[in-house]
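Next come two complexes, and both contain subunit A; in the first it sits with subunit B, in the second with subunit C.
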Partner chain A sequence: MENPSEVNYTIELNNVVKKYKDFSLDHVSFKVPKGNIVGFIGENGAGKTTTIKALMNLIFLDEGQIRVFGLSYKENEKEIKEQIGIVYDESCFHETLQVSDINKIMSNIYKNWDQKVFYSYIEKFNLPDKKVMKEFSRGMKMKLSIAVALSHHARLLILDEATSGLDPIVRDEILDIFMEFIQDEDHTILVSSHIISDLEKIADYIIFIHKGKIVFNRSKDELIYNFGIARMSEAEFENFPKENQQGVRKNKFGVEVLVNNKQELMQQKHEYVLDNTTIEEIILFMVKGELK
Partner chain B sequence: MKGLILKDFYNLKKYGRQITIILGVFLIFGIMMKSSLYICFMIMLYGTMTIITAMSYDEKAGFDKFALSMPIKREDLVKSKYAVWLIIMFSALLVSFVTGLVINLFVGGNYIEMIISMLAVESVYIILFSIVIPIFFKFGVEKGRMYMMAVFIIPSILGAVAAGVINKAGISINENQINQIIENDMYLIIAGAVIFVILAVYVSFRVSVRIILKKEF
Partner chain C sequence: MEIIISNTNGKPIYEQITAQIKGMIMKGTLDQGDALPSIRLLAKELRISVITTKRSYDDLEKEGFIITIPGKGSFVSEKNKEFVREEQLRKVEENLQIAVEYGKNSGILLEEMQQILKMLYEE
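What follows is the complex of A and B.
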């Protein structure tokens, strides 16, 4: 068995295939390097939740392998899950429970449950100790789930659409917590979301999934540095080199081309307009434009 | 696993209070009707049925998916539910014994007969729920309820049909004869029943584990 501290990748998915009647994960492979925040992006129904379920061993694979902390689920399920903090899009706590009940339940589930840390988050998030879950707002429930995920000394935090549906102030508070968590270089975060602007703020890497396939897995800085949008007329487009086009959008004013060699093009003499772009625009281009 | 059991008991706290009030009303009925068995059977039924409430709370919260994302084995998810079921059921049986004895102190009655009736009814409850619980694990509580009705109703219909057939065929059942058999082989029948009940719970548990091992969340 590999020594976990020597493993460079917290998560490794290798050719994961899961077939459903109307949807499949199609040979999904990616690696999440230790010590990073990775944004997992895709529209609703693209396969984010299915991938996370596969990652948590909640569904059975048709093909492929998954390793977490360099370990496989077959022999090390408990050991792996002790070290993962998970937050789903819906709170999974029963309506009748109070914070103190959850503390007692979790202390009997996680070996490393840390009551002190838990209550420090409860205080930090201003969560009421005596109210039952039924009276909690969605934001409060989500904060509680995050408090639970962070209170057993997890090394990997997985969030499945956890910040969707929250107001911007709460989302910002939560993003701050993630930044705090990632200060330890042994920690890793995988955040799935369709709110790309959140991920743009914090992610080191962006993995983009579309129709069950991974479109790209790249560093955010590299994406922003190298990708750009060239705006030109139809005539200019005819002569524009094809090899670095990632997407094309035509409208009545002309043609917009998503390119992955912005820096190179900037060095060349050109008539067209070359703009910087955002992750959100890159994704929209790839999904809505003619995907290359 | 202790965490899962605790979770069920915390969840059922409020439900327990409601049931206690309902059973209080039944107790008054029981005393008015001068019958201890009625209230005893009700306590036992609620005790056996509470597991469905616990499972429906989990389903509503989407807890199973979350539980299996924690260091909890699939088998322990099932084990904890059977543990909660048996703990509440036997506690309810104990409460109904005590209730029955106290009522009998006031209204009089045959203690032995009462205890045997209670054990017989409890055995039927356990066997029926041994069938029902794996169904709930397989289909969830909402769909499971329909199948549960079938499990409860089909034996009654079959019984009624069998009685009809026996009557039509002109076979007369001699009650005395049956009582004689029961009296002569009482210990054997009790031992057989106990073994059958234990076996039913064990098989039910194994089936539920198999279902959960194959289930996707």
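What follows is the complex of A and C.
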């Protein structure tokens, strides 16, 4: 077996195929280097949750291989799962439970359950320990789920749409928790979300999935610095070089082009407007402009 | 040590960090051997990605401003300040040379250029 500290990739998916009647994961491959925060984005139904299920070994694959921490599920399922902290979009704790009950349950599930760490998070997140789950707000439930995910010495934290539906203040607190977690360079975070603004600041890499296929997997800085939007007239568009176009949006009064060579274009003399863009805009262009 | 980054400033964030740390070294706010915050701590505090801070430190290291010792952290290098200043001066000259060429080509007088320089410097 490989020495885990020498494995550079926390997650490796290789040509993963899963066919359903009306949807399939189509040869999904990506690697997540350790020590990073990775945003896994795509619209609803793009295949984010299916990919995460595959990653957790909850579905049977038609094709492909998955390795987590350099290990395969076939031989090391327990070892892998012990080291993953996962947070789903819905709280999965029964309504009548209190914090102390959850502590008891989890200590039976995880070999490395650390009650001290757990209660330190409960205190840090200001969670009431005498209330039952049904009296918890959505934000409180989410923070509790995160506390659980972080209290068994996980090295990989996976959040599936966990921050959607939370108010900006709670989302901000969660970003703090992420940054705290990642202070250990052996730790990795995969956040799936369709809310991109949160990730725009802190993510190291962005993986974009669309209709069951990976469209891109790039460093966020590269996206922000190299991608831009050129706005021009129809006539200018005719003569605009085609090779760096990533998407085109036309309206009655002009043309907008998503380009991947903004830095290069900025050096050249140009009449058209060249704007910075956001990850959200890049995605919209790629989906709506139906990228080749 | 203070680092202020702007999201609206056209400069990439890693460049802003690099420039500010260089400035602190040149001005002597940061001295030889001083420890810099870890890339992860800096990312956490500034709320930016680790890749961005890592790139800044890599650039600073390439230019000889800092050295990174694995497992220990990054430190202001022993490189002598005079040498760094010399290098910076050379860059200033290079850039002024370009400005002068533009000026000469379009018949801008030395006095006008001095005025512009004065204005920009005092901005």
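The rule is short, and it goes like this: the second predicted complex is superposed on the first by the 290 of 292 C-alpha atoms of A that agree within 3 Å, B and C clash if a C-alpha of one lies under 4 Å from a C-alpha of the other, contacts with A are read in each partner's own complex, and residues count from 1 in each chain.
The criterion applied here is as follows: a contact is a pair of C-beta atoms (placed from the backbone, for glycine too) under 8 Å apart; a residue touches a chain by one contact, two chains touch by 3 or more.
All figures in this text were calculated on a predicted structure; none of them were measured in a lab.
Trainee: Clash or fit: what happens to subunit B and subunit C when subunit A is overlaid?
Mentor: fit
Trainee: On the A-aligned overlay, A:127 touches which partner chain: subunit B = first, subunit C = second, or both, or neither?
Mentor: After superposition on chain A, A:127 lies in contact with neither partner.
Trainee: Applying the document's definition of touch, where does A:77 land relative to subunit B and subunit C: first, second, both, or neither?
Mentor: first
Trainee: Touching A:182, do we find subunit B (first), subunit C (second), both, or neither?
Mentor: second
Trainee: Does subunit C touch more residues of subunit A than subunit B does, or is it the other way round?
Mentor: B
Trainee: Report for A:101: first if it touches subunit B alone, second if subunit C alone, otherwise both or neither.
Mentor: In the superposition, A:101 touches subunit B alone.
Trainee: Touch check for A:17: first (subunit B), second (subunit C), both, or neither?
Mentor: Neither partner.
Trainee: Touch check for A:203: first (subunit B), second (subunit C), both, or neither?
Mentor: second
Trainee: Is A:60 touching anything from subunit B or subunit C once the two structures are fitted on A? First, second, both or neither.
Mentor: Only subunit B; A:60 stays clear of subunit C.
Trainee: In whole Å, how close do subunit B and subunit C get at the C-alpha level once superposed?
Mentor: 28
Trainee: Considering only the defined contacts, which subunit A positions touch subunit C in the complex?
Mentor: These residues of subunit A touch subunit C: 35-37, 175, 179-180, 182-183, 185, 201-205, 219-221, 224-225, 276.
Trainee: Which subunit C residues qualify as touching subunit A in the complex?
Mentor: Result: residues 10, 12-14, 40-41, 43-44, 47-52, 55 of subunit C touch subunit A.
Trainee: Contact residues on subunit B for subunit A in the complex?
Mentor: 2-4, 6-7, 10-11, 13-14, 57-58, 60-63, 65-66, 68-73, 216-217
Trainee: How about subunit A: which of its residues touch subunit B in the complex?
Mentor: Within the complex, subunit A touches subunit B at residues 53, 56-60, 77-79, 81-82, 84, 86, 88, 90-97, 101, 104-111.
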